[in-house]
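One chain, chain A, appears in both complexes that follow, with chain B as partner in the first and chain C in the second.
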Partner chain A sequence: MTEWRSTLARQRYLLDFTVAAMKRRRARNLGLLLVYGGMVFLLASVLFYTGALKHEAGLLLAEAPEIVVQRMVAGRHDLIPETHAETLRRIRGIRAVQGRLWGYHYDPVVRANYTLLVPPSDDIAPGTTVIGPALARARGAGIGDVLSFRGHDGALRAFRIQAVLPQESGLVSADLFLVAEPDFRALFGVPAGQYTDLALRIPNAREIQTVAEKVLETLPDSRPILREEMLRTYDAVFDWRSALVLLPLSGALLAFAILAWEKASGLSADERREIGILKAVGWETGDVLAMKLWEGGLLSLLAFLFGTAAAYWHVFGLSAPLLAPVMQGWSVLYPAFRLTPAIDATQLLALFFLTVLPYLAATLVPVWRAAVTDPDEVMR
Partner chain B sequence: MNARVELRGVRKAFHEDRPNVFWAVDGIDLVLPAGGVTVLAGPSGSGKTTLLTLIGCLARPTEGRVRLDGRDISGLPEPFLAALRRQTFGFVFQRFNLIRGLTVLDNVMLPAYPLGPPHRALTRRANAALERLGIGHRAGALVESLSGGEAQRTAIARALINDPAVLIADEPTANLDTALSLAFLDIVSDLRAEGRTLLLSSHDPLVREASVVDRAVELRDGRVVADHETRAEPAG
Partner chain C sequence: MASDEVVPTARLRAGDLALFLLLLGLLALGGSLLHAALDRAGAHQRSEPARQLAQELGLTGLALFTEARYTRHPELSDQHAPFQNHPLTLEHFPSGTWVPPPRHLHD
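For the complex of A and B:
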């Protein structure tokens, strides 16, 4: 009991001493904290952002059809006829087949692509449209305004804005332009009975693979795309994008590592002398190490906390202004939405160990070397 | 308080594995009984400081044995040596070696931290030590602001905080004027009266010839060249 209490008291003393020591070297420690915290901030931002985008994409795809069937002509995606849908409806395991109509339109005014889409529920009246928030912002348009553009035949068509999708409705809604089916067909010249692709609903997850094989068998000119594949593609894309950010960052990371190593490992003559004094007055090597462990631990923990807190705020509070242009750029119209906080605990833990442990090692090695030498130098 | 120190054939080399090996202490046999004031005298470079580091467990002898109360301590592992430095020996370094940026009180308490005593008791002890040395009013001052005499007293208070049997002081009067040197000898006299063993190194005739000194050991080239009792009355 008393043993335990004095161990605790000892650690308190060491901690107090450490805090006092850190205050004495305020400029150095603040500098370290800033650089170190900044590094954690960048890493955590990328981590949070990628995680949140994947999460978002995952949510999106959760509602997506299990299989999307495209028709291929000469190796290219082509329109798919209603007769294909009829054929597919006869395959066991498929509950519903829905023809979808969607495509892109380049708007030279804002120099960006819109995603034109006919929503499955037929609630858009011909001549009207519902648009995404980013598009509304880019065109400076609101409800009641009229947007018009030329179709495939050069004819100008006008759409009255019926509604603007809410800000937070997600990543891919930003540049949407929802229209009625007849408008879509007229605009792009898609004949009746033709669709962009077919969405299949398959209630039993275990049948998806077999259904896909059967689809290919019965319609050799088709290409079934599984939702799982799309998920993987999303993951790959986001991983690739985060790699894109981390790659140039890794140079900075390396520089940081070197700086931290130098800062942490380069014991100043002052510190060396101090260690000698502490040893001379009866501190054990372990006491000195524990003290420095507190110091490194406090510093790296603070940096980690500040870095991750700032990153959280940056990504989920401010929607990652520093990363967004690189990370989500498949559309020129950036969605201005708030990401739902989605944090992966293992990633956070990995970040913690990747930043805190190397720093501790960097501090402890030279201290250990100084602390195991005889303290007789302090007599000189 | 006990602490009989015994040196047998003690030698200490510097640059041992280089061609210019140098024996700073070169074969010393010496017995320091518990209690009393011993002064190590001798010219500069004669090995006084080196010998003090060997006795005080700040360094290990290259050859020979150091015994404390009959126990061989020259080969003990580091944690035991640290414990001896903490509890059996108190050091007053020539340049005091106070830790800058800390207060006088914090400096004095430092050697007790590894023992983890209750904070209030430790503070009381440290304040009492400072009070006793006449610098209680400086307890809260940063050590940078101390005068030479105050710094030395702080160093003495720090050396005494764990109540060691032996107090080792290297050139204690080197940075002091005559009045302060005499005041230091008064403190030595008090500590001697408590039964502590005091081991000083000094060039200073004022110290060597002080009435409080029981014994003077003269070194030259790392060896003892003279060893005389200077005081007849028993210590303590």
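For the complex of A and C:
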């Protein structure tokens, strides 16, 4: 017990000495802490934002159709006939085949793309529409207003807004324009019995792959897209976008790495003299190492703790205003949404190992070299 | 004499400030993680309308990148055409990545 107390007291004296020494180089250490914390903040923000978006995509697409079947003509997506749906209904393992009608419409008024969709329940009266929240915002439209589009034949078709989808659903519905089936077919000239693609429902998850193979075998001109593939695509999209953020940052990261390495590994003449004097007055190598470990540990831990906490509130409290423009791309219609905080131990550990450990290692090696050298030699 | 005795006074040591800052940092990060855990239920409720709509309409994509058809539904874009129909076409080619947004977007 006494030994434990004396160790603790010894460490506290070492910490006192370290902080006093750091205060002598106040501007240099504060600057380093700010830059270090800023780097952790940026890295953590990208990591948290990407992780949360992937998590959100996984949650939202959990109920997506197990397989979407497209028809390919000359290497391009084409309309799929009802006869294909009937063929697929005969495959064992498929519970339901639903023909989907959806497409895009470019609105020159706000220079934005809308996603026009016929709801499977088809509960929208012809001549009316239900629109997404970002679309309503961009057009300044509300319930009862009329939006008109020019169809494939040049005729103007008007839609009275029946409802606006809730803001909370914006992540999947920002640009939606829901219309009745006859309106959709008339607007785009899609003949009866033709669909954009087919959604397959497969109750047994273990049969999805087999069913996809059977679909390809039965309909060689089709392209089945599995739900797993959709999720993997989104993972790739978010990874790519986060890489785009990190790429310009990599120069800054490298500059910081050089700065930190220089500061941590290249001992200044002052520091070498300080170590020599400490050794001359009786400090042991272990004490010098402990002191430098305190210095490096304090800097890196403070940068890690405050940088990570700030990144958390930036992403989940303020919806990442610094990263949103990159994620947004060129979109005119962009959903207003709050991400679900999704942080796991792996992310925090990865961040810790990436930011704290290299700095500590860079601090200790040169100090150990100086500390084991003869004090007289060090001071010269 | 009592006046010769050294009376211990509570003095802030240099290391106390560092320990206080570390504790503050731990509290900040711990508080954030606690907030994440507590907010999970609320967040689930918040995203319920989106989940319900995705289920009802059989949606397969997020409305995050609405600028073009291959970015709005990257999961359903053509695989075979390398340009204009490929998911991430803008980012696929280095020049596309660095092209600034159209003027009307930032004027």
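The rule is simple: the second predicted complex is superposed on the first by the 361 of 380 C-alpha atoms of A that agree within 3 Å, B and C clash if a C-alpha of one lies under 4 Å from a C-alpha of the other, contacts with A are read in each partner's own complex, and residues count from 1 in each chain.
Note that in this section a contact is a pair of C-beta atoms (placed from the backbone, for glycine too) under 8 Å apart; a residue touches a chain by one contact, two chains touch by 3 or more.
What you see is a predicted model; the values in this text were computed from it and never measured.
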item: Simultaneous placement of chain C and chain B on chain A, clash or fit; value: fit
item: Partner chain in contact with A:77 - chain B first, chain C second, else both or neither; value: second
item: Chain B versus chain C as contact partner of A:368, first or second or both or neither; value: neither
item: If touched residues of chain A are counted for chain B and for chain C, the larger one; value: C
item: Which superposed partner A:286 touches (first chain B, second chain C, both, neither); value: first
item: Which superposed partner A:302 touches (first chain B, second chain C, both, neither); value: second
item: Partner chain in contact with A:353 - chain B first, chain C second, else both or neither; value: neither
item: First, second, both or neither for A:20, with chain B first and chain C second; value: both
item: First, second, both or neither for A:10, with chain B first and chain C second; value: first
item: Which of chain B and chain C A:134 touches, first, second, both or neither; value: second
item: A:225 touches, of chain B and chain C: first, second, both or neither?; value: second
item: Per-pair minimum CA distance [chain C against chain B, superposed on A] in Å; value: 7
item: On chain A, the residue positions that both chain B and chain C contact, one per complex; value: 12-13, 17, 20, 23
item: Residues of chain B defined as touching chain A within the complex; value: 49-50, 52-53, 58-60, 78-79, 82-83, 85-87, 91, 93-94, 97, 99-102, 106, 110-119, 158-159, 162, 170
item: Residues of chain C that touch chain A when the two form their complex; value: 13-15, 17-19, 21-22, 25-26, 28-29, 31-33, 35-36, 39-40, 43-44, 46-69, 71-76, 78-81, 85, 87-88, 90-91, 97, 101-102, 104-105
item: Residue numbers on chain A that touch chain C, as the complex places them; value: 12-13, 15-20, 23, 53, 56-57, 59-65, 68, 70, 72, 75-77, 98, 100, 104, 111-113, 115, 117, 119-121, 132, 134, 165-166, 168-176, 178, 197, 199, 223, 225, 227, 229-230, 233-234, 236-237, 240-241, 244, 298, 301-302, 304-306, 308-309, 312-313, 316, 327-335, 338, 340-343
item: Parts of chain A lying in touch with chain B, wherever the complex brings them together; value: 5-14, 17, 20-21, 23-24, 273-274, 277-287, 372, 374-376, 378-380
